[in-house]
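Here come two complexes built around chain A, the first alongside chain B, the second alongside chain C.
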Partner chain A sequence: MPVLFRIAIRNLRQHSSKSLIIGIIMIVGVLILVVGNTLINTIDTGIERAFIDNYTGNVMITGATRADISLFGVRSPGGLEETPTIPDYDLIKEHIEQMPNVEAMTNQITGFGIINIEKADEDKGPYMGLLFGIEPEQYQELFRNAQIVEGQYLKPGDEGLIMSQTNVDMMNEIFEMEPAVGVGDKILITAPGSAGFKIREVEIVGIYKLKHESEAASYISYIDAQTLRVMKGMNLGNQGEVDLSEEETSLLSTDSFDAMFEVDAFSGEAELDFEMTEDNLFSILDLDSADDEEAVVDADEIFADDTADAEAVSAESSTWEYLLLKTDTNRAAARVITELNLWFAENGINARAQDWKAAAGPFSTTADVIRIVFNVAIILVAIVAIIIMTNTLVINVVERTAEIGTMRALGAHKGYIRSMVTTEIFTISVIFGFVGMLLGILVLYIIGWIGFEATNPFLEILFAGPVLKPVFSLFSVLGSWLIVIVIGMIANIYPLRLALKVQPIKAMMSE
Partner chain B sequence: MAIVELKDVKKIYPLGKTEVHAVKGVSFEICKGDFISIAGPSGSGKSTILNMIGCIDVPTEGTVMINGTETGGLSDKIITDLRHEVLGFIFQSFNLIPVLNVYENIEFPLLLGKSKMTKVEKSDWIDMLIEEVGLKDWSNHKPNELSGGQRQRVAIARALVTKPEIVLADEPTANLDSVTSDAIINLMKKVNRDLGTTFIFSTHDPSIVGVADHIIRLRDGLISENYRQDDARACRE
Partner chain C sequence: MKLRFILTGLLLISSVFTVFAEPDFDQILIEIDKLGSFEDTDFSCVYTFVSEKPGEETEVTQARMFRRDASEQFVMLILKPEYQKGQGYLKVDENVWFYDPESRKFTHSSMKENVQNSEAKNSDMDGLSLAEDYEVDSWELGKLGNFDTYILSLKALNDEVTYPRLKVWVRTDATIVLKEEDYSLSDRLMRTTYFPKYVKVGMRYVPSQILIVDNLQEGEKTQMTMKNPSTADLPDSVFSKAYIERVNN
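After this line comes the complex of A and B, so read on.
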């Protein structure tokens, strides 16, 4: 064994009380780091899995925005910036289909709606619901986390909505309905769109439960995309061009609604004060009496030509706010994002690809916040530990001044003294750090063996399941050990400087 | 030839706002192979002179020359190499490394620099030194398991292990009883005679001063007597 290690190890034994002080600090340090980092990794993994599996996928593509965008909209000051639709959707989709790492993709529109129940007491409810407009088949292929517990999943082309059990329970609690609201019941959704508020009556077709709990995901209601488009004023079908006569245009351009409805549609008596005949009005509004066959036919003719509608519906199917991708591995996501953003830039497409954290928005920050709090606490503990260790090491150097002086007198260079002092703290760090690491693993094993149960959905997210099972990471465990060794080295800076200042003449001061 | 030469060496230590003139201008030569005693009462400056010869302290004025080289102004690295290769030290309090055993303490200086000896040669040489100082049965013992005399024997063996030209001993018998003191001085004398190593030791014990063949007596930082047994005035070439 090299003499430096021999001296280091024997000095540890010789100065056992000081070694023990430093050692205990190191053991506790590694223990905290190993257990803390592993639990945070567990939380990280749990949250990542919950988000990626539940509703973000690995990659989110949106139109470019000035402010941050997540699946819940644009986080702009005052909410002034609207979520853009994805430009060149078909081109992007075609490109993604050729990307080797992309396993599946789906589209989405996000909206918020005030949910109400017509039969409910006026003083009950309403409450704000989060709506994801989806294409059921594609969406289910990507996110298989929702298990239908009642009713059925949305079917392509059908209108309706599925709600989480959490949502249904909350709704029943708010509205206090008897019997409870469930599958087959209709709810009223009032949603803000580009053309003001719109109210739609939507049937609950299914109730789901998540395989892996997620706080945000449990509040999502999935609605057919077309209904949400209409509610948000995104439906291009309304923008189909209809050729109107001069008189019809004149009528629509009037700003006097009172004048328009002064017509008694049932009696047929008109008191119009503008140059418009009753027939003209009814031919447009189809409010003519049932016995006016000619007028009805005229209206049918107007709407019989649905070419423009068909084109619009086709265009609508390409009108999405989000495109969500699942990659074959989580690691591949970063590469896919980089490639896509480069491709967008090269092709002048005003879109952006981001990771699941961006997609999850504020909900993904739970682990980050916990990690920051933990790291701040660790930094504070590390500072205290460094101070204590520095003091102990300084005492050690002072006590060994004559010994160091003797070594210098015998011909030891400063480099030798540096190596000796560094080897000693390194040896302490390695030995006690290893003990701390083993204890940390033991504590985690015990935590896993006891199996702490998550008593609420939030804990279930943090635990990445109903029971806390720490996810071991060799990198994290060895990293903790390394951090403590580095802390030891930092604590050794000042004592080492003192040791290097010891002159050979100090050897003569030994008594 | 003078292996050590001091020319008008002065050493002043600051002591608060005053100064202590430990050595007030000393000049002498030490010849190769000398067994020299620097004698004098406490505070006469003998340890200070020894420290300056040993390159662990520097004079305030004057020059100290080792083998014709002036030591003042040399870099820390060169001075350290000089101490390692040319000088050996025996301390009043033995200054053994407490965590190393007898063998390892003696071996220690050999580990500090490059040695021309092979591993086997080193081992044989250390074993011989251990035997020479009479500690054959104690080589695995730690310093705290040895008596004062035994410790000083280890220190002598350690001082000799690098085969230095000069061994400096600062009051080597100060912490020993008279019998052990005699034994230690005799051992040093034997090594001086057998290996031709120059020994410079300080002492205030009149009984061991007489063993030296060159005696320098100090009083209040000045030489009061510079006496050679062979009556030679200068070192022979």
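After this line comes the complex of A and C, so read on.
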């Protein structure tokens, strides 16, 4: 082996110009890989940090759903499905509290609301807002990125809303209110839920700014969970029985829609039995029984039902759609997720644990898109490098036909020739790859030293902060070196085959 | 002989033209609107919505509706379920408001919104204005159950309608709609509505049983049933925010 290595070094020196060409290609290749991989690591870290620290946490627990679920709801082909509440919430919470890798946990409910301002001009607004119903103390403990710039954070038990500065600016742009809407002002939120639409007037108690931006985070408004629960119609308890006649449900059981049209559609003349008078003008909600003595009884029953509902609400104020966990390290998240999902399965709990990407839903795709684009670029660079290196190596072999032929004539086996050529390219790859790696690290230090500033929120996410500080990974730096060695070996396949085909007699004749 | 031949030929040609002559669909749309709109009287009734969704309990909503089609006014008050009782919609001209008695607040709404969690839209209970809002794009003859129908493909003339494209099955012997398919702009079938039963209210025919099938969410459907129809005059004050607030006091 040392003999082969010495011959390889001698050959490389003899064909120094070609060795240099291949070496430079390898240096550039490693340089691109080291710098690119490190930057993509930086972007990954930035995106991860922005999402995990802003609103997803490391682990999201939800009720099991057929379609994909994120913190923005359940996505299905027909639109958004109702988000399930977490089953066996207390049991799950108790179990998580005993998990060693879980540092903090908080609950959440998500809702969408039409935001309006009562005094605004009718032709202004409204717009759709994103609402996270939270328990303020717990939530703030887990997500510390939101810094209050005006007013205060929500307090436990208080009703109210905190909005981002971006959101408040957007609202003022839409409604053009004079003076501008701010802390202490009330806004109207109309939210759809299982109880139809509900309107709530909610006070803005604080305005926040995020330390690190991330997609969608600035559009989140935090509201006390109980207000959002009421708007979404959660905890409604018993809805009350409604007596239905056969006529009112007969079509629902129809198997064949065409069969509905076998008889004539006209069912006769309606009895016009209702007339609005001064007496019934304002008791119209109870009209069916307005003249009936039983109406009083009905009113009592309604009151009784209301009490039952009120009890149901207070008893189930622990109804949540999401449980978000922060693990002691980001790596521990995968283990916690696996453990939780196994525990859910073992205990027959219809819940699911997922990572921050699932929690961020459509907004986590930025990292994936950037990674795919970069990987495609690397593949293209690798293909070009292989072609150029193969060409150079082929020329090298052709020029050395006589030399290889003579070696074969003197008794060198094909295996020896194979080892010699492979050692040559391996030596080039290792030496120049190492140089490329050092140059890559130098370039990254220069980038870090210059400190490029993020000029917009998107760049701030990508830079993992306000200034670009490359995040080194020994694994990715060494990996880049290895990739270039492999590329060199692949480029060597065809020239090697040519070298092995050299016939000693023909080679010597050509000389 | 020649004259008889020519006359017979003319008769044949005219009969062929009669058979294949395109009906006046603009007039048919006007007739449908007339039949479903109360331009000379007020109209009120109670609707019951029974909604079925796979894996969920059946939901029932009852609402009392008041219409004054001549001035495009509309009030709907939720009677049941109890936790929504008193919620109301008010439409005056093009403006629609929604009222929530718990917060005692009104907010802007739209006739395109669903009635609570059902497949029915607020616009389903308003007077018809097919002739004003749509034009006939194409037509064909078809059969629905035992009835011969014109199947009209309609294209919206404005963007205020709930659906930009409709397909309606209209009986050939009476200008009533038996079935309606609602399409999105990309021609995706959104929902199908069946009108198997009509009842005569005064001089008009109103569907008394309606089945709405959601074509996007399989298995989701709503039956609307109309009761207590009336064409008696309503006080002007009914079509106001103040009325909805007073009703809830």
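To be clear about the criterion, the second predicted complex is superposed on the first by the 423 of 511 C-alpha atoms of A that agree within 3 Å, B and C clash if a C-alpha of one lies under 4 Å from a C-alpha of the other, contacts with A are read in each partner's own complex, and residues count from 1 in each chain.
The definition used in the following text is that contacts are C-beta pairs under 8 Å (C-beta built on N, C-alpha and C of every residue); 3 or more make two chains touch, one makes a residue touch a chain.
Since this is a predicted model, take the numbers as computed values, not measurements.
S.K.: Check the residue A:I505 against both partner chains and state whether it touches chain B (first), chain C (second), both, or neither.
M.R.: Only chain B is touched by A:I505; chain C is not.
S.K.: So, does A:P126 touch the first partner chain B, the second partner chain C, both, or neither?
M.R.: second
S.K.: Applying the document's definition of touch, where does A:L71 land relative to chain B and chain C: first, second, both, or neither?
M.R.: It touches nothing on chain B or chain C.
S.K.: Kindly classify A:T190 by the partners it touches after superposition: chain B alone (first), chain C alone (second), both, or neither?
M.R.: The second partner, chain C, only.
S.K.: Is A:E118 in contact with chain B, with chain C, with both, or with neither (first, second, both, neither)?
M.R.: The second partner, chain C, only.
S.K.: If you tally the residues of chain A touched by each partner, is the higher count for chain B or for chain C?
M.R.: Result: the larger residue contact count on chain A belongs to C.
S.K.: Touching A:L39 in the superposition: chain B (first), chain C (second), both, neither?
M.R.: neither
S.K.: In the overlay, answer first, second, both or neither for which of chain B and chain C A:K198 touches.
M.R.: Touch partner of A:K198: chain C, not chain B.
S.K.: Quick one: is A:T406 in contact with chain B, with chain C, with both, or with neither? Answer first, second, both or neither.
M.R.: After superposition on chain A, A:T406 lies in contact with chain B alone.
S.K.: Which of the two partners, first being chain B and second being chain C, lies in contact with A:V3: first, second, both, or neither?
M.R.: First partner only.
S.K.: Using the superposition on A, tell me which residues of chain A are in contact with chain B and, in the other complex, with chain C.
M.R.: Of chain A, no residue contacts chain B in one complex and chain C in the other.
S.K.: Please give the residue numbers of chain C that touch chain A in the complex, ascending.
M.R.: For chain C paired with chain A, touching residues are 44-46, 48, 50, 52, 57, 59-62, 64, 77-87, 95, 98-100, 102-103, 105-109, 113, 116-117, 144-147, 171, 176, 178-179, 192, 194-202, 205-206, 208-211, 213-214, 216-217, 221, 223, 225, 228-235, 237-238, 243, 246-249.
S.K.: Can you name the residues of chain B that touch chain A in the complex?
M.R.: 47, 51, 54-57, 76-77, 80-81, 83-85, 89, 91-93, 95, 97-100, 104, 108-109, 111-113, 158, 162, 170
S.K.: Name, in rising order, each residue of chain A that touches chain B in their complex.
M.R.: 3, 6-7, 10-11, 13-14, 402-403, 406-414, 416, 503-505, 507-508, 510-511
S.K.: In their complex, what parts of chain A are in touch with chain C?
M.R.: Contacts found on chain A: 76-79, 114, 116, 118, 122, 126, 188, 190, 194-201, 230, 233, 236, 239-240, 242, 244, 247-252, 254, 257-263, 265-270, 272-276, 281-285, 287-288, 302, 305-306, 309.
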